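In what follows, structures are represented as structure tokens.
Across the two complexes that follow, chain A remains constant while its partner is chain B and subsequently chain C.
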Partner chain A sequence: MINDFIDVYKNRHDYAKDWKKKNPDSKVVGYMCSYFPEELFYAAGMLPVRILGSHEPQNVTEPYIFGMYCPFSRDVLAQGLQGHYDYLDAVSTAYPCMHLGQAFDSWTLHVTQKKFYVDMPNRVQTPYAVPFLTGRLEETKQEIEEWIGREITDSDLKEAINVYNENRALLREIYEMRKADDVPLTGTECMYITTASLFMDKKDANKLLKETIENELKGRKAKTADDTRLMVLGSENDDIKFLNMVEEFSAVIVTDDHCTGSRYFWNPVEEQDDPIQAIAQRYIDRPLCPQRDYPERKRLPYLLDMARDWNVAGIIALQQKFCDPHELDKVALLDWFKENDIPTIYLELDVTVPIGQFKIRVEALLERLREDELW
Partner chain B sequence: MADYFAGIDIGSTMTKVVILGDEIIATVIGPTGVEQRRLANKVMEEALSRAGIPFEDITYIVSTGYGRINVPFADKQVTEISCHAKGVSRLVPAARTVIDIGGQDSKAIRIDANGRTKDFVMNDKCAAGSGRFVEIIADCLGVPLQEMGTVSLKSKNPASISSICTIWAQQEVTAGQAKGRPIPDLVAGVHRSLADRVVRMARRIPLEKEIVLTGGGAKNAGLVAAVSHMLQTALLVPEEPLITGALGAASLGRNMVEKAIKKGISLETKKRVLDVVQIL
Partner chain C sequence: MVEKKYKTAPLKSWDKAKEIRLNIYKEIAEAKSKGKVLLGGGAESLIALPTGFDYAMLVGEPYGAAISYLAKSDPDEYMKYVEASEHAGYPRDLCAYMRNYIGSILRDKYVFGGPFPKIDFYLQAGFCDTHSKWYQAVSDITGRPYFSLDLVPFDWEIEGESEKTKDLKRKYIVDQIHEAIAWMEKQTGREFNDETFIQGVLNECESTSLWAKVCIANRAIPAPLDEKTMLSLYVLAVIGRPRNDVVEFYRELLDEVEDRVANQIAANPYETARIITDSQPPWFALDLFRLLETYGVVSVGAHYTFGLSGGWEYDEENKTWEAGKTPQEKGVEVKTRDEAANVLADWWLRTGTVCRGVRHSGAGKIQRIMDMVDRWKVDGAIVHLNRGCEGTSLGQMDIVSSLLERGLPTMTYEGNHADPREYDENRTFARIESFMETMGLKQLYEFKKGE
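== the complex of A and B ==
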């Protein structure tokens, strides 16, 4: 069960290729940003898969993307240039940050020609955002229909919404279980589950999630109340090695705010007469990426509530090196947690994690949180 | 019989041991070298010999520094952040900020009146803000490391040296030499460059007085002057700025034992044997 998610995480390409063999008339579409409205594509019988990096050093992207763009965007592009996603029928994104935007443009020039670009508004706080995105999604729907040669009906859309909402509810249930004093799964295990879900057919993922919750997590104690409760937050993060290192020090990561973690699935599509508008509303209302958290800074109270609800003692803020939206976000964020007495450390992620250097910072944070032991 | 506590700080460049009774009763400072696990035994032996006490008399041993996991006889490992905070607080109770310039990293720690860490920052993924920077330039200029500070203070017109990268700075120094710049100006420029990097990092935490400078960098008068000039404030330097980590480790060991006694529990300790560790 958890092991099955670990298998998918490690063998994501085999999973997609197997899916394609089982569904020979269907297409696999890769996407680069968690604002991508997967429901539309799932309703057309496709498998949307998130394109992530490999955490392996590479030397192929230099001619195709700026060196000062974040290591994640370069790692993502490297996956395409190295042919790891050669099974994709199309590549797509919702309007992302500038760095992933260039990875997408470069990918469409040099790797996969068929593309879908969903013009997700950046200013989600204006009243025009939902009607704007609804219109854009209508256009994307038409583009998909022309490509597959059939209509996507309201019934297809509603079924896709149901499958995705079930997935969100199940992942949320697992996060709720992490509120317990004796946490049933480690943060590392949870990262495997949420990240693997990004690559899976949601019907498969939902079946596996139900089995995992029922038969593995209920009554399980992966960590105890003696372990220090932490939250991780920041930009894209599927750095299993880092999480694992943190949890070796009698600590447990109980929640997160990453676009590959909670931000991906937190809120469901609320039912409306027009399913396209319902989908648009969901992406406008979802927990914000720092790029879209303006003019009102909604992330600050949202993250503080999450830290309190999950009863965390400290926070590790992680961001991809050179990530502009998070670089700007972090200034207010670190002050905010300081004002609210939640000790926080800030680390920059690269393609590979400097474990030794991060260890001392994490251990020093934990010593600060457990100061009664030492002082 | 008095209780004795030992702190051993294995840094990237130097290994330090402090044996603490009611006061410091012995200190040893030696180079870390490549065989740090063997060296841990040797420096502890030396410290015990100077203190004139047998190993069994040490109640509790705490190791710290980047080589802290390589001390097989340590009862507990604690990061150098907590240890420097505690050690400095013991020596300078009024200290509220510690700036430590070590061999391969530098850090700034905000502490409270009890020596507890309130916040800290460390240099990021690069040793350009550390003592290694001065070592490399000293090598490049043929100036003995211990004279770098006094040479820099002779400069009336410090050179402008990049603070971004040690290797680039080295190239700038070589180019300056080729143009005939006086060595004191180049050395002073290097110290300013290093100080600039350290101060920029340290400013990420609120710098509150008294500010204490520790680590090998604090033994360099030129660097102390450059950091002090940039911060526009006087800095305090302990008599032996290398030992604050080891002293803090020993002091935290004492705290832990005293806490355990109050709680009526006993702490696990290792066998007091200085075995030679086989390095695979």
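== the complex of A and C ==
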């Protein structure tokens, strides 16, 4: 069953194309940032799929996006320019950051013209963010209705919320299982599961998640209490090779704070009379990307709580090269974990990772964490 | 020596511009001793907002640029600023203005002399991702409080944004303006004066509209102003647009520039070709404009130079941008704080082309650049691929492609507006010289560095 998620992760485009064949009257919409409220598309009977990079060197984005934009934004745009997402009926984003926003702007100029754009507030700490986002989502809903030629009812929205909330609860259940001393799945396996969920019809994903929890994870010991418990956090990250390398060193990644991981699903939509407002509230309240964590630093105590709850010995912070919001948290984040006695290393991700160099840094971290065993 | 085509004359307003700029920086240094509120923040911070107090404001971008000037006169001293920031852990690819500014705080050194001013609080409109986090980092270092106002700009007009969306955005900002005022009163323990705020808002609208009119005057052939001069003139709107003396300055400047147009007084007496640039220039290396002059080339402006503190209003009928009509010109009376807040929000959303360009590139930004090419009768473009500011470099590659598709000679060079380590002057000059050749231009007189 974990293998089924691995299969979807590796063959995400085939999955979407098959879905379209099975649902010939429905549409597939790509979204770039996890702040886009997918529930709106799902309520309209569509399949929302996250657009991620392929981690393969490419030479197609140079004429469209300046080299100092983050490798993720360039890798994402490359997928469109190379035609890998040619099955999309539209592309969408909530305002992500300038880098991914640049990829979106170029994508809509050169790849997919039909677009949906939500002005996601950055300063989610203001009480005016929820009413503003609610208003923008109501308009987005109307735009979708005009496109598909039918109304999206409150009942459609509530159904979508239920399906998505179930998905969030199931993923959260898997993360809770990772609190155990003998962890039932590796961090790499978990990344396959969470990231594959970004591409899947949530009803399919939920069915598979239930089966995986019941029939595969319960009673399983993928790693033992002897393995060093780590947390990964930072920018978008689905770098399987990197995680795999880390876990080869008698270490296990037990939790994360990535938009392809826990940040994506952590909090549910809380029920309210107005489903659009409920959705808006959820996206305002979700665990923060540094892009939206100001003026007060709320992310750091949240990360510390997570590290403690999952009994983490050390942290690997991973940041996409040139990712300004994460870079602007770097000093505060390293100081914070130093003050709280959690050894942390900070690495920069590119489209492909320099495994050899990173291996040395990771080994050094693990040696530091295990020095009690040495002496 | 080649014969001059046009007469030229020094700009009479020049000395006054320098004097006002100096006064503003002096007022910042003396603010605390004079009992004023002293705040820091970015140029696009709706800087009329604190005018309800007796205040001074250190605006971050021009201050970061001022530090980068040192790279020319005293490179070792410059390095001390930027290295202070990098030693503290701020990555080298972050906004160069910000790194210079943080270096100045960490060294406790005001680049104009003395220690770094003791700022009471920081205020920033979050139109640019980096700016929002910049003052959070500064707040971490200094312990001074920080308020960020989420400025969600209008999309470009070509995108057909609905009136409903625009209303939502206006309301979002107005609500936050009231929130900011209450917050500032709490931080300072002082009462906010609505009368001075209303005047500050009206001044902000008028200064930026006047600057747009000055830029429009540069459509004339010969151009009355060159971009290098404009960079020294627009900065007053950047750091002091709500001030009475700044509004008065722009009124006088517009009169003078229009007079130059009427009398064909050129910025460059040879004017053989007209170009636009894109993004901020490398502030420490403005000599590149002098090199262009030796070919008779005048840079008539840039989206950035026109728009950072320019108020531009879209003319739907003619699909172009003109100077924004101020509330005064429209006969709108502003009597209350709420009315002033609405005017300020509407003004920035409608007329602020740079803050919108930092959020949205695509077809709208391309349209704006093409409009400049047409209306300013431009023969070529030089695009600074600015590694120091991802905000202004948003959409640059698509702009370059569009300019080339249109057949406009266009060159690029990589650099950094405020970090000379990423700018290669010899290489840039060689590229410019080749570009001049491709435009069929000959050097009219020898370029002498530093003149």
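Definition applied: the second predicted complex is superposed on the first by the 374 of 375 C-alpha atoms of A that agree within 3 Å, B and C clash if a C-alpha of one lies under 4 Å from a C-alpha of the other, contacts with A are read in each partner's own complex, and residues count from 1 in each chain.
Going forward, contacts are C-beta pairs under 8 Å (C-beta built on N, C-alpha and C of every residue); 3 or more make two chains touch, one makes a residue touch a chain.
Note that the structure is a prediction, hence the values are computed from the model and not measured.
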Quick check for you: in the superposed arrangement, does A:368 touch first (chain B), second (chain C), both or neither? first
If you stack the two complexes on chain A, which partner ends up touching A:291: first (chain B), second (chain C), both, or neither? second
After superposition on the shared chain, which partner residues are touched by A:109: those of chain B (first), chain C (second), both, or neither? second
Applying the document's definition of touch, where does A:45 land relative to chain B and chain C: first, second, both, or neither? neither
So in the superposed three-chain picture, is A:99 touching just chain B, just chain C, both, or none of them (first/second/both/neither)? second
Specify the partner with more touching residues on chain A, choosing between chain B and chain C. C
Applying the document's definition of touch, where does A:360 land relative to chain B and chain C: first, second, both, or neither? first
Note: in the complex, chain C contacts chain A through residues 88-91, 93-95, 126, 128-130, 132-137, 139-140, 145-150, 152, 155, 162, 164-165, 168-169, 171-172, 175-176, 179, 358-363, 385, 387, 390-391, 393-398, 401
Footprint of chain B on chain A - complex, ascending: 338, 348, 350, 354, 356-357, 360-361, 363-364, 367-368, 371-375
Interface residues, chain B side, partner chain A - complex: 66, 78-82, 86, 114-120, 122, 124-125, 252, 255-256, 259
Seen from chain A, its contact residues with chain C in the complex are 62-66, 68-69, 95, 97-99, 101-102, 105-106, 108-109, 117, 119, 121-123, 126-129, 132, 135-136, 139, 290-291, 294-295, 297, 321-322, 324-325, 327-332, 334
